[in-house]
Amino acid sequence: MKYCFQVIPELCTGCRTCELACAFKYAKDGKPGRSRIYPLAHAKDQYVPVVCFQCDDAACVRACMFDALRRNDETGAVELDKERCVKCEACVAACPFGCALTDTDQNEIVKCDLCQGDPVCARFCPEAALKYVEIED
Amino acid sequence: MKIDSIAKLDKWRKEIQTKQKAIKTKILICLGPGCLAGGSDKILKEFQTILKKKKIKDVLVESVKKTGCHGFCARGPMVIIEPLGIFYSKVKKVHVKDIIEKTLQKGEIIEKLLYKDPDTDKIYKEWRKIPFYARQQKIALRNVGQIDPDEITDYIVNGGYSALAKILKGMKPDEVIDQVSKSGLRGRGGAGFSTGRKWVTCAKAEENPHYVLCNGDEGDPGAFMDRCIMEGDPHTVLEGMIICAYAVGSQEGYIYVREEYPLAVVNLQKAIDDARKFGLLGDNILGTDLCFDLKISKGGGAFVCGESSALMRSVAGEIGEPRAKYVRSVLKGLHDKPTVLNNVETFANIPVIIEKGADWFAAIGTKKSTGTKAFSLAGKIKNTGLIEVPMGIKLKEIIYDIGGGINDNRKFKAVQTGGPSGGCLPADKLDLEVDFDTLADNGSMMGSGGMVVMDDRTCMVDVSRYFLNFLVEESCGKCVPCREGLFQLHKLNEKICEGKGTEDELKLMENLSKTIISGSLCGLGQSGPNPFLSTIMYFRDEYEAHVKKQECPGGVCKKLITYKINDDCNGCMACLSVCAASAITGKKKEQHTIDEVKCDRCGACYAVCNINAIDII
Amino acid sequence: MVKLQINGKTVEAREGEMLLAVMQRMGIEVPTQCHHEAIEPTGNCRLCMVEITKKNWDGWKKCVTSCLYPVEEGLIVETHNDKLFEIRKTILDLQLARSPHSDYVAKMASEYGLEKSSYPVEPQGDDCIMCYACTRICDVLGKSAIAPTMRGHEKIVAGPFGEAPPDCIGCLSCAFICPTDHIKWNDKGNTRTIWDKKFKLIKCKKCGKKTITREFADYLIEKRELPSEYFDTCDICKRQETADTMGALVVKAREATI
């Protein structure tokens, strides 16, 4: 069985619940802005939740010289192996979507890993603009 | 001329024999390190120049042969006239004319150049009879000092490459290994690992290619056995390696030589070039399917590069640092491929073992340490030099019978064996039989064969400090126990020499040694505390004198001694003139005095005074 | 799979796996300094030593570094005993003398009850513990710009001939991996300095935020075949770009349906 993370910008109201949920799960003190998902306005009152696309041929994976970014075949996510990561920020510089970043508070690289197959953001999105759905192979 | 069959090799050998028979008299001039330092190259030239102009019956210019180290370095430069074996020692250039005119022309012996035993006053005409040589048995060094290392023909006429011919004629690789195993040969590089076992493992390894490496790093200060073999008989190393290559199925080999041995590099290269030219190296050796070639790899001369994994990395062009490995290098060695690494002397034994058979070899020496071992004798001993003796010989036989005893007939105190990380054995161990296991059981080791003899004017605490200092400088610095541990051990040792050590620190040193031994990455660290451990094992009283009484019983540690001139002084002024610190005052024919403050305890006055008017307190 | 015994427990492990990995999986803690997942083990610090034996070794035991020792069938491993404690403590004690100013060393040593070194301290001793993590990470990067040079107690890590390493690309991996923060660097304005070498930092073409060095970016572009424009903007501006692009698509789609 395979899953796919879907973003439906049309449904997003910019309420930032996803961001908070993510931040509470991962960042120090639940600081937003350190989350892995960013509902950003592209026009007045129109939002797009920007989050890692888990690209097939991911720039971050290519950029990492230390093999710290690898795909988890079960969840489909590109995951960061913290034990291997030296925080050189190659992935941050390389991701064309800006979806890998440095958490300076915690001194670590931050990147969406789909919460190991249970993304909190999707769970908390009141508008169902974020979905983690089963797909056919 | 390519020698492309075994028959041709035999024919060639016969031809050389006939040719060399014409040269009835041979004048062997040792160009080993000791004699060379005494100017033996000039003696050689002088012989050649004079003989070019003179016609003497049975003597040709070709009669003059330069050879590798003949062994008796204390008596060098030496000239040996064969076939009579006349042994002229301490020869100078001015003597050459005499030797030619008297000995070569008229058959007269020049007595003052002969060796006179200082103890018995007996004069020896023939070198083989001299006690220094009489007790020796030469296998690895069989040709060193006897042949011209540059001439492949000299090697061949002495039976060279006949072992190679023998295996190619009718021995399978496993039969060769079988012989080596049965001979009981153990590695001469220090660890004493069974050579046969090493070869079997490599031969059986499935991965390819297989490499054959020769360890000619010889980093032990004062040791020069391997150097003398490489310089004096390079072909025997090649032959040993080719036989090994045949046995383990290798096509490529390297000889690792330190850069400080330029002559060894030159002579080995000449040997390799010659062997290639005559078809003894390269493709289809002696017309058979055997293909094997050799290169020299020069090392920067770090002691640790002699360690197997460091050596292999260095040969591969990487940093010569040991690599922690729990996979043996026989299986994953050079370029991570199966590799046989043996010492120079180990390889030098191989042709003889093949030629004379495993049983012959195994009958020499002791049961578990067969054959012979080369040693370099150094220190306060009369007959310094290079020797080869059967295993199992007693220490005292080496030191007194061969070595002639202690300089100035002083008292023997200790002998240090095994190089810098070896150990010191005291007088009550002189009856020990020298072999791998006995030495190890007594807190020392065989090592590569250095032997430094010390007399009663040696301070064992200072000896430990000296060797630790060497090891601190040679530690590669990769792992903590060796880098920091030996460093601190040496510092604490130094403190004791200065009389500032404490008993607690002695205990700390003993504990630290344990961690260095079991914690270090390579053999250097693992054996690093040996100088300290073996001296404190046998000479604890000396350590205690330093620590408890601030005294140096050996009279060596500068901070703990003072030189005083006693009433015997006759005012000869000898001491006054050698004192670099101008610490000695006194009028001619009156007793002199030493200013303790100015004196920097160099000991020059003590050495120069020949009426024992200076005391060390 | 291989079966072995660690501290009396029988465990299974993959062939070729190192003892340390198996121990970590079992939750057994041994101190390490030079170990890091991204680099090849070298066994420099010797702290992860364990004692091994086998049934047929007649009680003979051997100390090995667990980071480098591959699992073996029937191996019996002890990770904590008096001897190992003594080795670890002595190593840290020695480091305390060598690097007296390192908090990292002090903290590890204090876990072994060491507040000050038993050995004469070197007041000028720096914080480098010679773990080679920096040189090894640089090797993995494919640059090998720095290497251990000299030997013994004088050993240091440096560029060739002790000069600024020509091959360094200023990625800071060495500084980041250094457990004792011994490798110093700084970013001032557009310039990064490390190993006495200066680098230009890329400025985000939209907001001006500094990202990585030009040399590092160029290396990644060439080595990993990445489009160079990925490196022109910072992550924040790239996120906004992503929102703008996706937003535009949504608007377009909406207009199309109307």
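By letter and in written order, the chains are A, B and C; residue numbering begins at 1 in each of them.
One rule holds for everything that comes next: a contact is a pair of C-beta atoms (placed from the backbone, for glycine too) under 8 Å apart; a residue touches a chain by one contact, two chains touch by 3 or more.
The structure displayed is predicted, hence computed values, not measured ones.
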Overall pattern in which the protein chains touch one another (line/ring/star/complete/other): line
Of all other chains, the one whose Cα centre sits farthest from subunit A: B
Just how far, in Å, is the C-alpha centre of subunit C from the one of subunit A? 26
Just the number, please: Cα centre separation of subunit B and subunit C in whole Å. 44
On a C-alpha centroid basis, what's the spacing between subunit A and subunit B, in Å? 68
Residues on subunit C engaged by subunit A in the complex (per definition of touch): 36-38, 137, 140-142, 171-173, 176-177, 202, 211-212, 216-217, 220, 223-227, 229-231, 233-244, 246-248, 250-251, 254
With touch defined as at the start, can you tell me which subunit A residues reach subunit C in the complex? 9-10, 38, 40-43, 46-48, 50, 59, 62-63, 65-68, 81, 83-90, 92-101
Of subunit C, residues touching subunit B in the complex: 41-46, 49, 63-65, 68-70, 83, 86-87, 90-91, 94-95, 97-98, 118-120, 129-130, 132, 147-148, 150-155
Subunit C-touching residues of subunit B, taken from the complex the two chains share: 302, 304, 319, 321, 323-327, 472-481, 483-485, 487-488, 491-492, 508, 511-512, 514-515, 518-521
